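In the two complexes that follow, chain A is the common piece, with chain B as its partner first and chain C second.
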Partner chain A sequence: MECSIKPEAGYDLLQLSGEVDMHFSPELRETILERIKAGNPLLIDMGNVSYIDSSGIASLVEGYQTAKTANLAFGLLNISGAAMQVLTLTRLDKIFSLYTSAEQFRQEL
Partner chain B sequence: MSKTRKLLALQFPARSENMGNVRQKLREVMASCSKSETMTNCIVLAVGEACMNIIQHAYGKEEQGDIILEVEKQGDNMTFRLTDFAHHKTRAEQLQSRPLDEIRPGGLGCHIINEIMDEVQLVECKNGCGNVLQMKKCLHRQTESN
Partner chain C sequence: MTEIPAVENAITIRDLVVDYGTRRILDGINLDIPAGQIMVIMGGSGAGKSTLLRCILGLKKPTSGSINILGTEVNGVRARDMHALRKQMGVAFQGGALFSSMSVAENIQLPLREHTRLDETTIEIMTRIKLDMVNMLPHEHLMPAELSGGMTKRTALARAIIMDPKLLFFDEPSSGLDPSTSAELDELIIMLKNSMRMTIIVITHELDSVFKIADHIAVIGEGRILETGTPEQIRASTNLEVQDLLHRKARETVVDADAHLRRLVGEEE
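And now, the complex of A and B:
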């Protein structure tokens, strides 16, 4: 798994790629919570996520809830097929805000 | 009735850093059986979740040990068997899904396994090992996300 933060105008873009499993999800969780606690809306680009399990999904859910409590926007961008399968299985595709372009997210800020 | 073929028998230390290699080996096996990449992804996900449960809950922080993953195929029916050697005895009710209307982190692993696999059960442990989890999947039966 690789995750890097790119500051954009008005929000942070987290670029996530590779396999997000229980070995790497603590790092993802920490990165997400750190950005939200810094007061930044967060958009996570998941276009290059080849695998994500329930521990990775749990990091996203925690980020979503923390952002909601802080009244900050939290979105998922370009969901890969593998990630969408897991979101659908867990019915979380109906909970998260999903975007196909960063512009869409920016306009909602 | 077609013959049962053993496609994989893999023993590995129950540690999170090994799971990438385990998934890769399972993916290679499934590539020769499954006609759909979606099906392969689902099975790799379910087996990965079951391994994660063993690492986190059966062995936990206090104990270390191995997992044996066996994969068998009979016609279109696949069997995935995970054996651990933990002292903790997993109970059948621990394999149940939790309600999905509770939006909270965690507890989704069993739901994923139950959604993907046709049958999930703890079977008798013959050699004094900890737990044996057996999961069955017919390659023609779709999961909801297919």
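And now, the complex of A and C:
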């Protein structure tokens, strides 16, 4: 898994790629919570995520909940394939805010 | 012409022999289990299904032969490597094998607490995700003694998948369940294969489930592989032992009670 933060106008873009599994999900969790603690809306680009396991999904859920409590926007960008299947299976596709473009997220801020 | 990609095998078994004393339980088993698919191993009582499962899980040392799991040769593997391999396997045992002193949620969390250093919040959320998948979320605080047969199976399944294993073994998922609950479990097994990249190995003798969930079937009889193939190939098998097993099971499944009684009292030829 690779995980990098890119500050954008009014929000942080977290770019994820590769496989998000139990080995890497603690790093993902820490990064997400750190950005939310800094008071930034967060958009996570999942376009290059080939696989995410339930520990990765749990990190996203915790991030979403923490952002919601802090009244900050939290979105997932370009989620598809296996990652989308896992979200659908867990019915979290109905919970998360999903975007197909960063512009769409920015307009909702 | 479009080239069909080769399916990688998750498990490869070659010339597997298991003897108990002078009795041969498995007699030269050769089996390929393709990755990402559902393989059903079926056979009558005493056919050797459970012994085969125990060998794959590393719980029984074979007399001879080899088992390769996810690229690792199991025979002679170091204990540490076997431990790492086992973390990639989830097993739902026939009776559930739940700890009676722990709640449903605690039972499910146990592998995470034993094998990972994930934080408490992640463990709690993962547990609820898996409980929701198997429709047990409202029952997370119940104790095993309070569960029905179907709930026990679903809890065992949730525990088996809590670590997102690459291989899921399910021993007799339908046994002791009513047809409706059994059908729900079948759908759950198919959903796990489709959404979680799992290779699923189901040991069963329930014909209804076999043909509903299997991508591939291996029929075992008297310690030997009688036939392997797709459900269609197995149905069309000309192997008399396979046909006998299919029809015997069909007879056991569909019982016309009145006709059966008439036969027993000699009123029907």
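Keep this in mind: the second predicted complex is superposed on the first by the 109 of 109 C-alpha atoms of A that agree within 3 Å, B and C clash if a C-alpha of one lies under 4 Å from a C-alpha of the other, contacts with A are read in each partner's own complex, and residues count from 1 in each chain.
Here, a residue touches a chain if its C-beta (ideal position, glycine included) is under 8 Å from a C-beta of that chain, and two chains touch if they have at least 3 such contacts.
Keep in mind that what you see is a predicted model, and the values were worked out from it rather than measured.
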- Query: For the three-chain model obtained by superposing on chain A, do chain B and chain C clash or fit?
  - Reply: clash
- Task: In the overlay, answer first, second, both or neither for which of chain B and chain C A:91 touches.
- Result: both
- Query: Between chain B (first) and chain C (second), which, if any, makes contact with A:22: first, second, both or neither?
  - Reply: both
- Return first, second, both or neither, reflecting whether A:38 touches chain B, chain C, both chains, or no partner chain. neither
- Item | Footprint overlap on chain A, where chain B in one structure and chain C in the other make contact | 21-22, 51, 53-55, 57-59, 61-62, 82, 85-86, 88-91
- Note on the structure: In the complex, chain B touches chain A at residues 16-17, 19-20, 23, 38, 41-42, 44-45, 48-49, 52, 55-56, 100, 103-106, 108-109, 111-112, 115-116, 143-145
- Note on the structure: Given the complex, residues on chain A that touch chain C span 21-22, 25-26, 29, 51, 53-55, 57-59, 61-62, 82, 85-86, 88-91
- Note on the structure: As the complex stands, chain A meets chain B at residues 19, 21-23, 51, 53-55, 57-59, 61-62, 64-65, 81-82, 84-86, 88-92, 95
- Task: Please name which positions on chain C make contact with chain A in the complex.
- Result: 116-119, 121-122, 125-126, 129-130, 132-133, 162-164, 191, 194-197
